[in-house]
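Shared between the two complexes below is chain A, which pairs with chain B and chain C, respectively.
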Partner chain A sequence: MNIIGELALWVSLPVAIWGASLAFIGGRQNRGDLVLSAERTVYAVLALITLASLGIVDTFLNDRFEYTYVASYSSLDLPTFYKVSGLWAGQTGSLLFWLLLMCGFSALAVWSNKTKNREFMPYVVGTLMVLQVFFLVVLLFADVNPYARLGFTPIDGQGLNPQLQNYWMTIHPPTLYLGFTAFTIPFAFAMAALLSGRLDSRWIVVTRKWILLSWFFLSNGIVFGMRWAYEELGWGGYWFWDPVENASLLPWLTATAFLHSVQIQETRGMLKVWNMGLVLTTFLLTIFATFLTRSGLIESVHTFAENTKIAFIFLGFMGSIMALVAVLIIYRLPQLKSSNQIESFISRESAFLFNNLILVATTFAVMWGTLLPLLSEGFMGQEISVGPAFFNKVNVPFGIAILFLMGVGPVIAWRRASKKNLQRNFLVPIGVGLATAAGLWFAGARVGLSVMTFGIGAFVLWVIGAEFWKGTKARARIEGEGLVRAFWHLVMRNRRRWGGYIVHVAIVVMFVAFATAPWYQEIRQTLDPGESAEITSPLGSTYTMTYEGLSTNFNDREDNLAWQAVALLTVEKDGEPLPPMSTEKREYIRPERSTSTEVAIRSTAVEDLYITLADVNTRAVQMRINDPTAQTATFTFMVKPLVSWIWASAFVLTIGALIGMWPGGAQTPAPASRSAAGTAEPAPAGD
Partner chain B sequence: MLLALGMLVIFGVAIVVLEPLVRGSSASLERTNDEMSEAEATRRVRLLALRDAEYDFQMGKLNEADYRDLRAELQAEALEAMQVVEMEKNGRAVGAGPPTREAIEAEVAAVRAGLESGTTCSTCGSGNPPGSRFCAACGEALHLSGSPSA
Partner chain C sequence: MGSNSRFMIGLVGVAAVVTYLVWTGVSDTMTYFLTPSEYDARIEADPSFRQVGVRIGAILVPESYEKGAGELEHRFVVHDDDDPSVTMEVLYTGVLPDTFNDAPDMLTETVLEGRYDENGVFEATLLLTKCGSRYEASPESLDRGDEPAIT
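Take a look at the complex of A and B:
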């Protein structure tokens, strides 16, 4: 199987080159036979890369340690589950996995456009195949071939980094990769539109669904990563503005911007160049994300490998795409003229425009903060470190502004809105927002930015609630329906708009949960058995944790443990006993001696109690000294309000996104005939 | 065995990829006739925008004067698009004359009635004969009035 897999990987390169060449030649010369042959290569490469991937999984399952990749990321004792996910555990495998997903989406795009959008397909297929050729060349010639051999066969592999042996970690990368690779299709259609000169509304409608799908995966992938960090890394946070976290956020920001600005193009025929730019930028940012994750150029918790050759290949590739796209856009500029102008400053268009400006500004800020350390080291020989403080300072105001716009947009009509109507529509929601903020301020919540977030959050939620209510009433009146029926029709006949509002609710809840960060409580205390520590939550209750003792375990080769120290604590909340909690410190034998902390989390709807074993007397534990000092342990106790709201809001976001992309299924783009109606899907002028 | 499998993979791929060239089968490269034209798309967007403006008015986002202006603008744009659609349909020389404002009003009413009865596709806006279960233009399931999923 592994030999066939390796062969398949090599065979796929000439097939992909054949496909790319024939697609473009067929497109130029109007030769349907060449294009058909090129389309067949899309399926053929998918089959070959599937074989290659199965080959890698096979080497993992059969413990073939003569392969460098398997030896580096697996071991005899690794559970089967993690052996299968070994395909994306390291750099080389994840590049292959990335290619596999890209081939999957390419095949889906070709298959679903067998009878429509035919004028685009030669260039779509050509673009997709060029991208596949690029990834194949990287895989085969940039020292990242997952089939590379060691030259000898070790008895056992180095094992998988224990911190990666976590449920969230197995689903976080594939979900993100699905988001990244799905974006290849919008990019291919944008290129096809530019190359073929067919720049009417069609390409944008085809790509919109793909972008929503990609956005959906990206959002979930990012949240899964947050969850992993929170549960596994033991610092108590979920977001650290780590370069790779940022890399996944960047395309999400520009894709979000596109999902809004595309509506201006659909309803008003404006912002054509801007939208084209957003699609291309988002695609480049997804490539940039792989580049950051897998180049080893920037230190980060995600960079498990260093290989700078690949960094230059990626940079060159991104540079060429950028140059090509710039030339194409300039060449096609006459066809990308706006057919309208913004009529009024107070209109939904201008609200969307502000939203876009803020999202793009945030993108630049995050990008700058991520790259500054690298650039400063490269050009000034001295690394400037950019910490979370910078990102929070810059992005929190942007976040609050976006939040505010979420409340403004829905209430303003397209084209123009009269001041009087605005006043009438905003009076109550703004009152609700101000009352919420004032109430919290007087209740003792004295952090300006957070209180502002709560107030604006209440304003937005009120606006959205009122939209649902007024929309239902209007529908009931216009169509003469009962309220329940009118509500159902309202949502189902314009899923995109109402699904979008549900996503907005999720974002508001998430922002409110983030805004409680200034109230996170944390104490660090060294305890002997029998001693207690106390921590008071910002909401008033007091937790008392009594340290009961440490139990240790040594040299458990089966579990890859050098030693393990488990601290047991009994917990009381305001004097009422809660179930006991245990937190551990472990030192693993493989891949290299590394310690990790297993946190204890008690999560409720209101707040999380988060306990980590920060320090133990390692020497005493290792020497198995049987004296009382061996039992002394240092703990970090944290109370964090509303963390579970973040995870809950991700669920709401998923529901909203699913409603928004429902008809036709998430995986297929809108058929041209239906989608050419643009906003008519499912209803017009909707947002 | 391995060699045979390897050859099988290579020949399999070669047959699939080269078949169109050898047998001369071909893929279409043109927009098909049943796909919507740009003018048709514009017409539908405008008609549905008219309906949306009515909602905005009813929901208090537009005042009456603005609503009237906006309606007039959208009607004019829909009118223009309809003329182009007519021309595309009947060729250049049309004797029928341009559609009137009344024609647009009638069309909007028809779209609304169609949405209400479930014969107009809520996804693409195409009309369908009564009793249709799926849209003839885009294949979307139609929400027949009276059915629970409507």
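Take a look at the complex of A and C:
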């Protein structure tokens, strides 16, 4: 199996090159037969890369430690689940996995366009095949072949780092990769539009669901990573503005911008060059993210090993694509002229444009902060770095502005909003927002930016709620349906729009949850058995934690444990007993001296009580000393409001995105004058 | 005034806000990110640099970890990535990350934030670690994979 897999990897390179050539020649010469052959190579490469990936999984399952990759990430006693996910546990495997996903999406795109969009397909296939060739060349010639051998066979492998043996960490990279690779399809269609010269909004209509699919996976992938950090890393946070985290956020930001700006092109025929720019930027950022996590170019707590050869290959590739697209855009510039102009500053176009500007500005700021150590070293000769303080300072105002626009965008009229439109749609919601902010301020929430977020959040939720209510009521009246039925039909008839609103609700809830961060409570205390610590939640209740003692366990070969120290705590909330909690430290037998801290989290809808064992008397535990001082332990206690809302809102976001992506349904964009759901006013003529 | 020019003003406004936020953000929160050799050279050139808080990127010296006297105090030694002869004693106060590993085969990269105390010990308030060898196995360490870790 492994030999077949390795062979398949080599064979796929000429097949992909052949496919790319056929596609471009077929496209230039209008030869349908060549294009058809090229499309078949897409399936062929998918089959070959599937074989190559199965071969790697096979080497893991059979403990073939003569392969460097298996020896580095597996061991005899590793659970089967993590042996299978070993395919994406490290650098070389995850590049192959990336390629596998991309081949899968390519095949899906070819298959679903068998009988339509034929004018694009030669160039779509050609572009996709060139990308596949690139990844194959990297895999085969840049020292990252997962089939590379050690030259000897170790008896056992190094084992997978215990921190990575976590459910969220297992699904986080593939989900992000699905998001990254799904975006190659919109990019390929954009390239096809540029190359074929069909530059109306057709390519956008074709790729709309692909964009959403990619965005959906990116969002979930990022949240899974946050969840892993929260549950596994033990510092109680979910986002650290680490370069690798930032790298996954960057394409998400530009994809979000793109998701909105394409609607302007569809309805108003504007922003054609801008959209080309965004699709290119987002695609390059997905490549950049893949490369950054794999090159270790920037200091980071969790990048993979340093590999400069691959850095140059990736940078060169990205540079070439950028240059090529720039040339194509300039060449096609006459066809990319806007069919309309912005008529008014106060209009939906304008709201969407500002949304785009702010998202791009955020992208720029995050990128600047992330690359600062590299840039400053290159230009000033000394490395300067910025931490979370920089990113929070810069991005919080942008976030609040975006939040505000989320309330404006859905109800402001296209082209030109009249005074009446503004009054009718915004007077009440703004009142609700101001009242919320004022109420919270007087209730004692005295953090300006947070209170602003809560107020604007209330404004947005009111706007969206009113839209749902108005739509449902109107439908119930016109169609004579019950409210529940009318609501269902309303959403199903225009899934993209209402699905989008549901996603907005999720984002508002998430932002509100983020904005409670200034109230996070944290104390650190060293306790002997029988002693208690107290922490007061920002909402007034007091938790009392009593340390009951440490139970230890040694040399458990079955579970790869050198030792394990479990601290048991009984917990009371305002005198009422809660279920006891336990947090522990472990040291594993392999990798040698590797440790792990298991946190205790009591999560409710209101707040999380988060306890970690910050320190135990390791020496005493190891020596198995039985005197009471060996039991002394240091704990970190935290109370964090609304953290569960973040995870819940990710679920709501998923539902909204699925509604928007579901096949079928009324998806034709309504003409500009009607698409504001009857709230738009007839635009006055002239300026 | 045409709405296009009004829009341009908006655009310039956003650009100005971005520039302002990024500029002040960097100058308020930036720290130097240095290797131990660079740090020593800076202090030699300008002794007052001792008082400046910096970020250091260095490699943990295997087997150098010792539990400090005080609560959550940890002592260890790091060396320069390019020049292993340049070392730095560290006193870190805080929770030790799980990836901190001073086993002989491990290559643990550390990022430290802090400054020297009067005895030339680097007092760190922040410690980030990255375990190199679990991602990039060296054949020697794999060779010993059969040896039991605890005997």
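Operating definition for what follows: the second predicted complex is superposed on the first by the 642 of 687 C-alpha atoms of A that agree within 3 Å, B and C clash if a C-alpha of one lies under 4 Å from a C-alpha of the other, contacts with A are read in each partner's own complex, and residues count from 1 in each chain.
Criterion: contacts are C-beta pairs under 8 Å (C-beta built on N, C-alpha and C of every residue); 3 or more make two chains touch, one makes a residue touch a chain.
If you're wondering where the values come from, they're calculated on a predicted model, not measured in any experiment.
Novice: Of the two partner chains, chain B (first) and chain C (second), which one does A:L34 touch, if any: first, second, both, or neither?
Specialist: A:L34 sits against chain B, while chain C stays out of touch.
Novice: Touching A:R118, do we find chain B (first), chain C (second), both, or neither?
Specialist: After superposing on A, A:R118 lies in contact with chain B but is clear of chain C.
Novice: Have a look at where A:L372 lands relative to chain B and chain C in the superposition and call it first, second, both or neither.
Specialist: second
Novice: For A:T80, select first, second, both or neither according to whether it touches chain B, chain C, the two together, or no partner.
Specialist: neither
Novice: Name the contact category of A:I358: first (chain B only), second (chain C only), both, or neither.
Specialist: In the superposition, A:I358 touches chain C alone.
Novice: With both complexes superposed on chain A, which partner does A:A474 reach: first (chain B), second (chain C), both or neither?
Specialist: First partner only.
Novice: Across the two complexes, find the residues of chain A that touch chain B and also touch chain C.
Specialist: On chain A, the chain B and chain C contacts do not overlap at all.
Novice: Give every residue of chain C touching chain A within the complex, in rising order.
Specialist: My answer: residues 2-4, 6-7, 10-11, 14-15, 17-18, 21-22, 24-26, 28-34, 38, 55, 57, 67, 71-72, 95-106, 111, 128-137, 139, 141-143, 145-146, 148-150.
Novice: Could you please specify the touching residues of chain A with respect to chain C in the complex?
Specialist: Residues 65, 68, 71-72, 75, 90-91, 150-152, 154-158, 161-163, 233-235, 299-305, 341-345, 350, 353-354, 357-358, 361, 364-365, 368-369, 372-373, 382-387, 389-390, 393-394, 397, 524, 526, 555, 562, 589-597, 612, 614-615, 618-619, 634, 636, 687.
Novice: How about chain A: which of its residues touch chain B in the complex?
Specialist: Those in contact with chain B are residues 3-4, 7-8, 11, 15, 18-19, 26-27, 30-37, 39-41, 43-44, 47-48, 51, 115-119, 121-122, 200-202, 266-267, 411-418, 420-421, 424-425, 467, 470-471, 473-475, 477-479, 489, 492-493, 663-664, 670-686.
Novice: Could you pull out which chain B residues touch chain A in their complex?
Specialist: 2, 5-6, 9-10, 13, 16-21, 24-32, 34-38, 40-41, 44-45, 47-49, 51-56, 58-63, 65-66, 70, 73, 112, 115-116, 121-126, 135, 137-140, 143, 150
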